[in-house]
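Read from first to last, the chains carry the letters A, B, C, D and E; within each, the first residue is number 1.
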Amino acid sequence: MVSASFIFYVLAIIIVTMTMIILSHALNPRGHKRSNAYPYESGIVPVGDTNIRWNVNYFLIAISFVIFDIEAVFLYLWSLVVVETSWPGLLTASLFILALFIALIYEIKQGAFNWGIRKEGES
Amino acid sequence: MTLSLLILIPLLGGLLAWYSQGFNPNLPRRISLFTLLGSLAYIGILTLTSPLARSSQWLFDESHVWIDRFNITAHFSMDGLSLILILLTLLMGLAALSSAWSEIDKHQGFFYFNFLWTLAGIIGVFLAMDLLLFFVFWEVMLVPMYFLIAIWGHENRRYAALKFFLFTQAGGLLMLLSTIALVVFHYQETGQLSFNYHVLILAPIASPTAIWICLGFIIAFLVKLPAFPFHPWLPDAHTQAPTPASIILAAILLKTGGYGIIRFVLPLFPDAVQFWSPLMMSLAVLSIIYGALMAFSQHDLKRIVAYSSVSHMGFVLLGCFSLNMIALQGAVMQMLAHGLSSAALFMLVGLIQQRLHSRDLHQFSGLWRYFPQLSAMGLFFAIASLGMPGLGNFIGEFLVLVGALEQHASFAVLASLGLILGAVYSLRMIQKSFFGPFQTRGSDLDDPASTVDTEIALTSTSDQVSAKVAPLSKPPTLSSPYPDLSLKEKLTLMSIAAGLILLGIHPQPLLDMLEQPLAQVLALYAITGSAL
Amino acid sequence: MMALYEVLLVPTSVLLLLLLCAAWSTWLERRLLAVWQDRLGPNRVGPMGLLQVVADMIKIFTKEDWVPPFADKALFIIAPMILMIMTLLGFAIIPFSPNIQIANFDNALLFILALSSLSVYSIMLAGFSSNSKYALLGAMRTAAQMLSYEVFMGLALMGVVIITGSFSLNDIVAAQENYWFILSQPLGFVLFLIAGVAESHRAPFDLPEAETEIVAGFHTEYSSMKFGMFFIGEYLGVIFVSALITTLYFGGWQGPVLPPIIWFLLKTGFFVVFFILLRAAIPRPRYDQLMRLGWAVLLPLTLLNLLLTALWQLTLGF
Amino acid sequence: MSNHYLPAGILLSTILILLLSIALKRSHIHAFLITGVGLIGACLVQVSLIEAPATSELLFIFTPVNALVSAGLLVILVFLWSQLYHWLDKSDNTNEEYYLLLLTASLGAVSMIASQHFASFFLALELMSLSFVGLIAYSNNNPNSQEAGIKYLVLSAGASALILMGIALIYLQTGSLTFDAVSTNKLQHLASSPLNLTTSGMIFILTGLCFKLSLVPCHLWVADIFEGAPLPTTALLAIVSKLSAFIVLWRMFSYGEWQTDSTILDVIALVAVASMLIGNLLALQQDRLLRILAFSSISHFGYLLIMLLLLEGNASLLNDISFNLEAMVFYLLAYMITLTGTFSVLMQLENTTSIKQLSGLFWRQPLQATCLSVLMLSLAGIPLTIGFMGKFYLVAAAISGQLWWPMSFLVIASVIGLYFYLRIIMIMLAKTESASVPCKLDIREKVTSWVIIITVIGVGTFPSVFADMLEAVTH
Amino acid sequence: MIEITWVLVLSGVLFAIGLFGLLSRRNLLFMLISLEIMLNGVALIFVAASNLHGNVDGQLMYLFILTLAACEVAVGLALVIHIYRQQQDLDVDKLTKLKG
C-alpha cells in the first residue's frame, strides 16, 4: 500500500520543482531585446532544419532494446523464483538465455552495432 | 477381372495411344482401332463362351473392395440392359473413330487418349453397381469429353465445353448429395451402410425425404438426357464438338441419362417415382414438342440434329416414367435407335462440313447433285429419325406411346404430336440441303470472291499480290468439286443403317433380352405390362 | 507524533538534504578534480570556496529565463521537470537507515527500473522540443545509450534478487547481515556500476553532452534554472546510483559501532567520490565503442552472471 | 515432458543452430541443408508419434489427430523446402534468414496445432504471425512485398487484438485460460459481472480467427497479401497458417460450450455460407492466379466451417460422432495437399502471375500443364482426385447432420468455383500462335510434377489406406 | 476495491479508441500506435480479472501481451522505416500497387 509519507514526498518534489521554475521565471531580467532567435550552431547562421535523416543504427538500437528488455522482464520473474522452480526452472531459463544469446550473436554479426564507416552495399 | 477388364482395355489403350504419339503420329488411331476391336472381341467371347444364366437377371458379377471405410466396393455387374448399351457404346465408338480418322489431325495422341477414356467412363457407368462407383464414372467420362470439345471443337468451343461441363457437373453434384443422402437414410433405417445397388434395392427407403433425394437423381439424369429445362448445354456442345465427339455425345452419352433413370431411379424410389411421374411425363412431352419446334427453327445442321435429340430423348423420358414394361422396352429401344440414327446424322453433317466448310442450311442446297451417295444416306437416316415404320426408331416410339397411353392417355396424345413435328423438321432439313439447285454461299471453299481473287492473282504480274492471295484457296476443280463418300465412310454408314433396319424388323430377341432386367426394375410397381 | 514524524519530517528532511548534497557535490567535484589535477579549484567564496555553490545558485536564478521562440514551449519547460522529479522519486525507496525510509515497496527494484526508463523521456523531450540539431543529436545519443545500458542494468540487479528472492530493498539489506553481496556478486557489482555510470551519463560515458563534440547535447538551448535542473538532476543521479550500490552490494546501512545513517552516508559518499575520480581518471570512449561495449560485452556477461548466480544459489545457497 | 514435444524441440534446436551458423558464416547451401535436416527429422519423429498414446497437459494436448495433422503439415513443409533452394537462389536477396523465418513459422504452427490453453495458443499464433510478416516482406527490393507485409502486419495485429479481447472476456468470466473453461465454469456466473461475457468473448475470438482464415467479412486485403508476397511465402501462408488456425478453431469449438450456443452457431453458418459464395464470386472476376487462389481458399474454408456446425450433431454417419472429425481432417489435408501441389507448379512456372501467361501451356510444357489441370480438378472436386474424396467426406458428414441449407449453397458455390478452375484449364489449352518449342524440364521439376500427380490421383483413386489411417487416428 | 465493471468500461473504451484509430488513421505509425492502445486496453482486463479471480494467469497473459506488443512494434517499425525510405510517405492509402 502506498504510504502517506510517500504521497507527501511526491507532492513535495513537485512543489519544489515548480518553485524552482517559477522562481527563476520571476527573478529573470526582462525587457532586453534579443535578436538571437536562431538555434545554436556554433555561432553561425543555422543551415537546414532539424528533420535529419537518422542513422539506421538508432532504430536498430531501439528495436533491440524492445526485444531484450522484454527478455529481461521474463528473467526478472524467474530470478524471483529461482529456488522454487529449482533445476527445471534453471534449465528452461538457460535455454531461454541461450536462445537470446544466439540471437544476440547473430545481431552483432549482422553489424547492428557497427557505427563506423560501412562497406559499400551494407545497409 | 472379367468385367473390369472391359473398362481397363480402353483405359490402357488410351494411355498407349498417347504414349505412342511420340513414335508415329498415325499410331494412336490404329491403337484405338485395335483397342475397340479388342474390346468388342472380348465382350463377344465373354457372352458366347459363358453360359447365359437365364435364371438370373445378372449375366456377370464382379466385386472388389475399394473404400473399406464406407463399405464402398468396386462392384460391376452386367445384365441384358448393360450388355446392349455397352455393345452400342463400342459400335458407336467405332463409328466415331471412323469419322475421326480423317478429321482429327492435331495432337492425335491426346485426342485418342481422351476418346478412349470417355468410352471407358461410359462403359464404367453401364457396369457400375455401386452408387459411388457409378458417380465416379459418371463424372470421369465428362473430363475427357470436356477436353475433346474444348480442344478439337469448332469456333465457339470453349464456351460450349464450359457450358457442357458446368451443367453436367451441377447435376453430378446433386447426384452426389442424393447418393449420400440415400445411403445415410438407408443406414438409419436398416443399420447397414452400403453404397451397393444390390443391397439398396432390397429395402427402398421410406423416409418422406425420399421424394427429394429422388428428385436429385432425376435432375442429374435429366441434365444428361437432356429434358426440357435442363437442355441448354446440348445444342452448343453438339454444335461445337468435333464430329467424333458429337457422335459419342449423341449416340452414347445421352443414353447414360436414360440408363440411370431405369437402373437407379425407378427401383430405388418406388414411391417417389409415382409422385414425380406426372411431372416428369409432362416434362417429357414438353421436351418432345419444344425440341421439335426448336429443330424446325434452326438453320445449323448440327443444331437441328441436336434439338431433334432433345425431342427424341423426350420419348425415352416418357417411356421411363410410364412405369410399364412396354414403355420401358420402348424407351430402351428408342435409346438404341436414336443412338444409331443420330450418330449417323452427326457423321453425315461432319462429312458435309468437311467438304463445304459449313453447316448452315442457308449456305448450301441441292447437294444431291454432287453427293448422291451422301445425300441418299442422309435421306435414309433423316427418315429413320422421324420414325418411319420398319426402322428401329419407329419401334421405340411406338412402344413408348403405347405404354404411355396405358398410363396417361393425354400425355401420349400430346407426345404423338411430336412425331408429326418430327416429320416436319426432318423433311425441311432434307429438302433444304439435298434437293433444289446446287449452290453454296459464303463458304470458304467456294467463295465467289476468293475465286475472283485467284483469277486476279493468276493474271497479275505482281509477286506480292500472288503471295498474299495464293494460300487463300485452291482453285476448284469443276469436274468433281468435292469427293463423295469414301469406302470407309460408306461402310460405316451402311452398317449403321443395317443395324437400324434390323432393329426395325426384328426387335424381338432384343426385347426378350431386356425383359428380365426390366421386369426386375418394375417389380416394385403394381402396374406391370406384358411384353409385346 | 510518531506518525507526523514519519509522514512529514522524513520526506522533508530527505528532500532538503538531497538538494543540498546535490548542490554541494558540484563543489566537491570541482575541488576534487582540482586536487587530482594539481590545481586549487574554487576557493574564493567562503571557507575553502564552500559558498561557491550559493553564488552559482544566485547567478543561475537571476539569469534570463530564455525559452527559444523556435522551441516547443510546453515540452521545453516540462522536460527538465521530469528529470528532476524522476530522479528525486527514486530516493523514496532507499532505506537510509532502519527507520528512515519514505516508502517500503515490495517491488522497489522494478520501481527503480521504471523510473530510470521514464527519465529517458525527459531527455528525448528536451532534445526534440529544442528544435536544434545539437540538441536533437545529443538527445538521440543519450536515449540510445540509456536504453542500451538499461537492459543489462536491470539484469545485473537480478543477481541480488536471485540470492534474496525479493525485489524489496529492505529484504535485500536484511539479507546482507552476514556478508555483503559484493562478495557473492562481484561481477554483478561491476556490471551495475558501469551501467550506473552510463545511466547517469557521467564521464567516461558522458558522450551525450560531450562539449567537444556536440556542444552540450540535449540541453544546448537551455539556460537559467532549467539548465540548472538538468545539472542538479545529473548530480542527483550520481548520488542515487551510489546509494543504490551501497544498498544492494555493500550492506546498506548495516555496519558496526556507528549509527546506521552514518554508515549509509559514508558508503554513499565514498561512491560519489569514486564517480568523480572516474571522471578524472578515464578518457572518454568513442560512441560506437560505447554501444559495442554495452551490447557485445556487458550484456552477455550479465546473462552469464545471472546463470552462474542461479547455479550457485541452487547448489550452495540452501 | 513426454516425447510428444520432440518435433517442436527439433525445430527449435534447428532454429538455434541455423541462427548460429548464419551468424558465423553466411552460406545458402548450409542454411538450406540445416533446415532440411531439421524439418525431415521433425517430420519423421512426428510420423512415428502418430500411434503414440494421447496425453494431455495443461498447455498442450497430444492426440493422434494432432500428430497426424502436424505430420501432414511437416510433410508439406518438407516438400516445399525441397523446392525452396532453387527459388531463392535466383533472387538477389540474402536468403539465409528466409529459412529461419520458415522454421519459426512452422514451430509456431506445430505448437498451435497442439495447444489447448489460451496462453499457448496465443504465443504460438504470434510466433507464426510475426514470422509471416518477415516472410511476406522478405523481398528487399520489391515494394509489393513490403506493402503486403505491412498490410499483413496490421491485419494480424488487429486480429490478435480481437482474439485477445475475446480471451480476456472469457477469462474475466471464468477465471481460467483453458479452452474448456467455458463449459466447466458455465454455471458459476460471477456476481460482479452481470453480463454474459462468454458469448461476446467467443465472437471476438471468432472474428479474430476469421481474419487469420480470411473468412468473409474479414477477407480484406487477403488477395493483396497473396499477390505481393514472394511465392513460397504465399504457399506457406495459405497452407501453414490456415491449417493451424483452423485446427485451433476446431479445438476451441469442441472443448468449450460453443457448440450449444445458438448465437455462435448462427454466426458460423452465416460466415460459412457467405465465404463460400463471396469467395467464389470474387475469384470469378480475377485475372491473376494468386488472387484466384486467395479467393478460392476463402470459399474452401467456408466449406470447412460447415464441419464446425456438426461437432455436436446427434445424427451422424455410422452413429459415430468422430466421423465428423474424420471428415474434417480429410478435407483439410486433401485441400492442403492440393494447394501445395498448385504452389509447387506455380513456383516452377516462375513469373507467371496472370492467367493469360498460361495460355498454350499444354502444348509447351505438357507435364506441368497436366499437373496443374489435375490440381485444378482436385480443387474443383472432380472424382478420382484427392479433392473429390475430401468433398465426399464433407458432404457425407454434412448430410448425416442434416444440414440442408448450407449444403444447397455448397452446390451453388461449387458450380461457380468450377467455372474459374475450368477457365484456367481452358486457357492452358488455348493454341498459341508462336510455335514455341517445349522447354526442357530438369529432373527436379519432373520428379516434383510426377509426385504431385501421383499423390493427387493416387490418393483420390485409392483412398483406403489414408481413410483407414484416419479412422484409426480419430477413434 | 474498484468494481470490475469500471475496468471493463475503461478497457472497452481504450479498445474502441484503438480500433477507431486503426480504421480511421491513414498513417502507418498511427495505426501501429492504435494497435498498441488496443492491446493495452485488453491487458487491463487481464490484470483486473487476475486480481478478481486471485490467480496469476491473467498477469502472465499481461506479460505475453507486452511481449507481443514489443515484437509487433519491432517488426512494424522496421517495415515502416523501409517503406518510408522507399516512398517518403507513410499513408496507407498510397499503398495501392496491389489492387485487382
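Everything below uses one rule, namely that contacts are C-beta pairs under 8 Å (C-beta built on N, C-alpha and C of every residue); 3 or more make two chains touch, one makes a residue touch a chain.
Everything numeric here is computed off the predicted structure, so don't read it as measured data.
Peer 1: Skipping chain B entirely, trace which chains still reach each other through touch and list those groups.
Peer 2: one piece
Peer 1: Going by the average position of its CA atoms, which chain sits the greatest distance from chain C?
Peer 2: B
Peer 1: Kindly indicate the chain pair that has more C-beta pairs in contact than all others.
Peer 2: Greatest number of C-beta pairs in contact occurs for A-C.
Peer 1: Which chain lies at the heart of the structure, taking centres as C-alpha averages?
Peer 2: Taking the mean of C-alpha atoms per chain, the most central one is D.
Peer 1: How big is the gap, in whole Å, between where the Cα atoms of chain A centre and where those of chain D centre?
Peer 2: Centre-to-centre distance between chain A and chain D: 41 Å.
Peer 1: Please tell me the distance, in whole Å, between the geometric centres of chain B and chain C computed from their C-alpha atoms.
Peer 2: Inter-chain centre distance comes to 96 Å.
Peer 1: Express in whole angstrom the distance between the two chain centres, defined as the mean CA positions of chain C and chain D.
Peer 2: 54
Peer 1: Using mean CA coordinates as chain centres, what's the gap between chain B and chain E in Å?
Peer 2: Those two chain centres are 65 Å apart.
Peer 1: Give the pairs of chains that touch; include all such pairs.
Peer 2: Every touching chain pair, ordered by label, is A-C, A-D, A-E, B-D, D-E.
Peer 1: Which part of chain A faces chain E closely enough to touch in the complex?
Peer 2: Result: residues 56, 59, 62-63, 66-67, 69-70, 73-74, 77 of chain A touch chain E.
Peer 1: Any idea which chain D residues touch chain A in the complex?
Peer 2: Those residues of chain D that touch chain A are 12, 16, 19-20, 22-24.
Peer 1: Quick check: in the complex, which residue numbers of chain E touch chain D?
Peer 2: Spelled out, the residues of chain E in touch with chain D are 3-5, 8, 11, 15, 18-19, 22, 28, 31-32, 35, 38-39, 41-42, 45-46, 48-49, 52-53, 55, 57-58, 60-61, 64-65, 67-68, 71-72, 75-76, 79-80, 82-83, 86-87, 92, 95, 97-100.
Peer 1: Of all residues in chain E, which touch chain A in the complex?
Peer 2: Going through chain E, the ones touching chain A are 63, 66-67, 70-71, 73-74, 77-78, 81.
Peer 1: Which of the residues in chain D end up touching chain B in this complex?
Peer 2: Against chain B, chain D makes touches at 315, 317-318, 363, 377, 380, 382-384, 388, 391-392, 395-396, 399-400, 407, 411, 414-415, 418-419, 422-423, 425-426, 429, 462-464, 467-468, 470-471.
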